[in-house]
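Each structure below appears as structure tokens.
Here come two complexes built around chain A, the first alongside chain B, the second alongside chain C.
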Partner chain A sequence: MIWLVIKEIKIRLKYRFVWVNMALTPFFIIGPYVFSSKIAKVESLTESVLIGSLLWYWLNQYFFGVGDAFTEEREEGALISVVLSPVSLLSFLFSKAIDTFLMNLYITFFTLVFFWLSGIALRISLFMFMLLAASGLYITFFSIFFAALALWKRRIGSVNSTVQFFLGIVSGMVNPVENFPLYIKFISYAVPLTYLISMGRKFISGQINASEASKSFIALTLLGIGYLVVGVLFLKKAENELRKKGEWESW
Partner chain B sequence: MSLQKGDATVKRVIELRGIRKSFGKHIVLNGVDFFASEGDFRVIVGENGSGKTTLLKIMIGLLLPDEGQVKVLGIDVKKHWKKLSSRTGVVLANERSLYWKLSAWENLDIFGGIYGVPRKVRREKAKELLERVGLWEHKDKPVENFSTGMRKRLLLCKALIHNPKILFIDEILNGLDPAAVREMVDYLSELNSSGLTIVMISHVLHVLPDNAQVALLRNGKIEIQARYRDIKGEKNDVYKVFERLIKGSDGDENDLAGDQGD
Partner chain C sequence: MRSFFLTKAALLSAKRYKIDWYGSFLSPLLTILPAILLYYLGTRSGLVHFFYGATNTKNIFGYLLLGAAYWNYVEVLWGAVFALRYYMRIGQIEEIFLMPVSTLGYIFSWSALGLVRVTIESIPIIILAALSNVMTLTISGLLLSAAVLVLSVAASFGLVFTFFGATLSFKEGDELVSLLGNAAPLLGGMFFPVSVLPKTLQYISYAFPFTWGLDLTRHFLMNTNTLLNTKRELLVLAALSVMYLVLGVLSFKILQIKARKNGLQGF
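For the complex of A and B:
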């Protein structure tokens, strides 16, 4: 699995401008949300939007890195080599997740530096770092579910960006889910990102305690495992379908 | 399963029985039996669309047959195809199955790593392979700058990096110049002489090794199996012989001293 991570990094090192793009783009994408929130002149609101949109950006990267992994490798033509190797499809997705995690650390560092230069600082403590790391794991499980769906029904991959924005809104990226109507809340609490954003915000405002954090992590873990189990089952189903139809190289 | 072949005991490494495969209403394979023993050099020939690649993909597990048994190296490929991967090497016709942005050396290093080849062995093997196929001086060039012939040679290196027991090859000779075809076949013969079992699909027929056993796929079945030297005959006009065999227009197949179905 580690060899696939090394491969990703080696390929990315060939494109120097990708690193510039990765360092700048998140700031420009989430900047409008964060700067708009400054109009209210409430510092906690700005921080709240920043943590929400930053975590949503992490989800975006996982949806591109893991959720789109099969499509991307198919388009390159190398998926068949991975499929023929001893690496399982699940290990392949985890290798993409590790690569995405490393890229997200790089992205987050520069994004926070640019916001700090713009007068908006987010306190990165050990808890925040662990929250980001945990979000990587839980969102990976969620993305595996999406990747398996996209492998099975490959047209689903074409709505990847739409799904990302939908998930951003329903998980309370800008507006906390408590303000949503009940039927949207029902969807919101089925999305792991909702819990992560909520915990991040409560931490910033100093409202989180050990008991509440534990409850959120238990809910998150159960939800994450649920998505992982369903994702693995879908992955197996997709693999069998592709072995029947012989469409490993189609995209 | 072991068989007596001359005086030596040889092990059967590929056993396909009653393979049927359809795509929709189109029947591609209609009861194919195919066998290979350790050290065989098998070549599958047939018209475009005759099901050669489908058959090869079934052997390596990429494709599931509708019916039939597939055993390679004693492994039930339908159920445990991933167990087979570290013991077989596969060269598919798709040149893009390499990482084009990486160099030849990086590709072999990465794929060797993926197949669990230890670092020292992997590097020695990569050097040996690249030197043997004449790519050593191009080892640091990205694959995207390679010619078709160079990519095909690298695909072969990639398939051999983990010392497989069986090599499956799809159309590796297409698109190569005459000298490159000869060199490729010579190298494959050398590998085969050292004990590697080879199953190859090819439309390039004039330079196959004499000991190759050729299977003709026609109408969804393997209809003829014969040694290449017997097909080639004295006239050496192998394409005409094959053309007649593929069309099935005369009694040539009766003149072949084939070893039908083992």
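For the complex of A and C:
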């Protein structure tokens, strides 16, 4: 698996401008929401939107990197090689997840630097790093579920961005989910990102305590494992069906 | 004529995959929804009050919808560069350039497909934008904003030519388009007046014709404040649009000759 990660990084190293793009793009994507909140000149609101939208951006990258992992290989006609190689589809997805995690760290560093240069600073600590790492793990589980769906129903990848925005909104990327009506909250708490954003916000406002953090982590873990189990089952089902019908190359 | 047949072929392919349309239909609305929620739920924090002071409108919903509709039209043309990169990736670029269709023909056919798609996809936001701005709509305002859109599309074509040439020569032109496409809504004032941005970003945003185009479109349709006097702003937009178009055509010609000389193989 580690060789697959190295391969991904080596390919990316060939394209220098990709690195410039990755360093700048997140600032521009989440900037509109962060600067919109800055209009009010309330520092806590800006910080709250920044942490929410940053964690949402991590989800975006996992949805493209892991959730959409099969699409590009399929379009290039390389998916059949992935299937024939002695690496399981799950290992292939986890290698994409590790690669995405490393890219996300790179992205986060530059995003925070650009916001700091624009007068918006976020307090970085060990807890925040742990939260981002945890987000990587749990959102990977969630993305595997999406990747399995995309393998099964080929064109689902084309609504990837729409799904990301929908998930961001219901997870409270700009507004705390507490402000939403009950029926939206019901959807919100089924999305792992909601718990991560909530913990991040409570941490920066100094309102988090050990018991609350552990409760959130337990809920997040149960939900994450649930998505992973369903995702793996879907993946197996889709793989078996494709092997039976021989449709690896069709898209 | 051949490029029209290409557009028809692309439209027929696009028709096959209906799910692609659902995503494009919803994306512009979902992009501005977080900002709408932020303003709607942030009334007490003073966001709306400040917004009125900076723009002369409390119709934040209409302001954002107009921004999204305008950007849809400007940005969709850049899809021609992604189409080119797509053919490079799937190994069909050589075949494409051996066909009896000129490179300009490809650009126009892929752009025309984009314009048709965006017109269909933008129906919900255009209707919502018109309904939410019905009190400030006038015939002259509509005509003037249509003229501004034409100028903006001309400037956008200028960028398409440059990026198309760059992709042929350096392969990574699509990354540049992607970066610009992601930066443009923030720098062009889709979400709020550019005066809210830090000074350095403001200077960059003034170099884009779209900043002026969007500012004028909103002024003609919503009676919002403008960055400069309206006549001066129209002149700035016209000058920038002509400049981008001329530079775009020139750079495209130079880069295409270079690409054909050095070969297009490999990506």
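One rule holds for everything that comes next: the second predicted complex is superposed on the first by the 251 of 251 C-alpha atoms of A that agree within 3 Å, B and C clash if a C-alpha of one lies under 4 Å from a C-alpha of the other, contacts with A are read in each partner's own complex, and residues count from 1 in each chain.
Convention: contacts are C-beta pairs under 8 Å (C-beta built on N, C-alpha and C of every residue); 3 or more make two chains touch, one makes a residue touch a chain.
The structure presented is a predicted model; accordingly, all values stated were derived computationally and were not measured.
> Just chain B (first), just chain C (second), both, or neither: which does A:S214 touch?
Neither partner.
> I'd like to know which partner A:S205 touches here: chain B for first, chain C for second, both or neither.
Once the two structures are laid over each other on A, A:S205 reaches no partner at all.
> Can A:S125 be said to touch chain B (first), chain C (second), both, or neither?
Neither chain B nor chain C is touched by A:S125.
> Considering only the touch criterion stated at the top, classify A:I6 as touching first (chain B), second (chain C), both, or neither.
Once the two structures are laid over each other on A, A:I6 reaches chain B alone.
> Based on the superposed arrangement, let me know which partner A:L84 touches: chain B (first), chain C (second), both, or neither?
first
> By residue count, which of the two partners contacts chain A more extensively, chain B or chain C?
C
> Should A:R243 be classified as contacting the first partner (chain B), the second (chain C), both, or neither?
first
> Contact-wise, after the overlay, does A:E76 reach chain B, chain C, both or neither (first, second, both, neither)?
Touch partners of A:E76: chain B and chain C.
> Overlap the chain B and chain C contact sets on chain A and report the shared residues.
Residues common to the chain A contacts of chain C and of chain B are 76-77, listed in rising order.
> Touching chain A in the complex: which residues of chain C?
17, 19-20, 22-23, 26-27, 30-31, 33-35, 37-39, 41-42, 45-47, 50-51, 54, 86, 89-91, 172, 175-176, 178-179, 182-183, 185-187, 190-192, 196-198, 201
> Going by the contact rule set out above, which residues of chain A touch chain C in the complex?
These residues of chain A touch chain C: 15-18, 20-21, 24-25, 28-29, 31-33, 35-42, 45, 49, 53, 75-77, 117-119, 155-156, 158-162, 165-166, 168-169, 173-175, 179.
> Residues of chain B touching chain A in their complex?
23, 54, 57, 60-64, 81-82, 85-86, 90, 92, 94-102, 106, 110-111, 113-116, 142, 158
> Help me check something: in the complex, which residues belonging to chain A touch chain B?
Within the complex, chain A touches chain B at residues 2-4, 6-7, 10-11, 14, 76-78, 80-88, 240, 243-246, 248-249.
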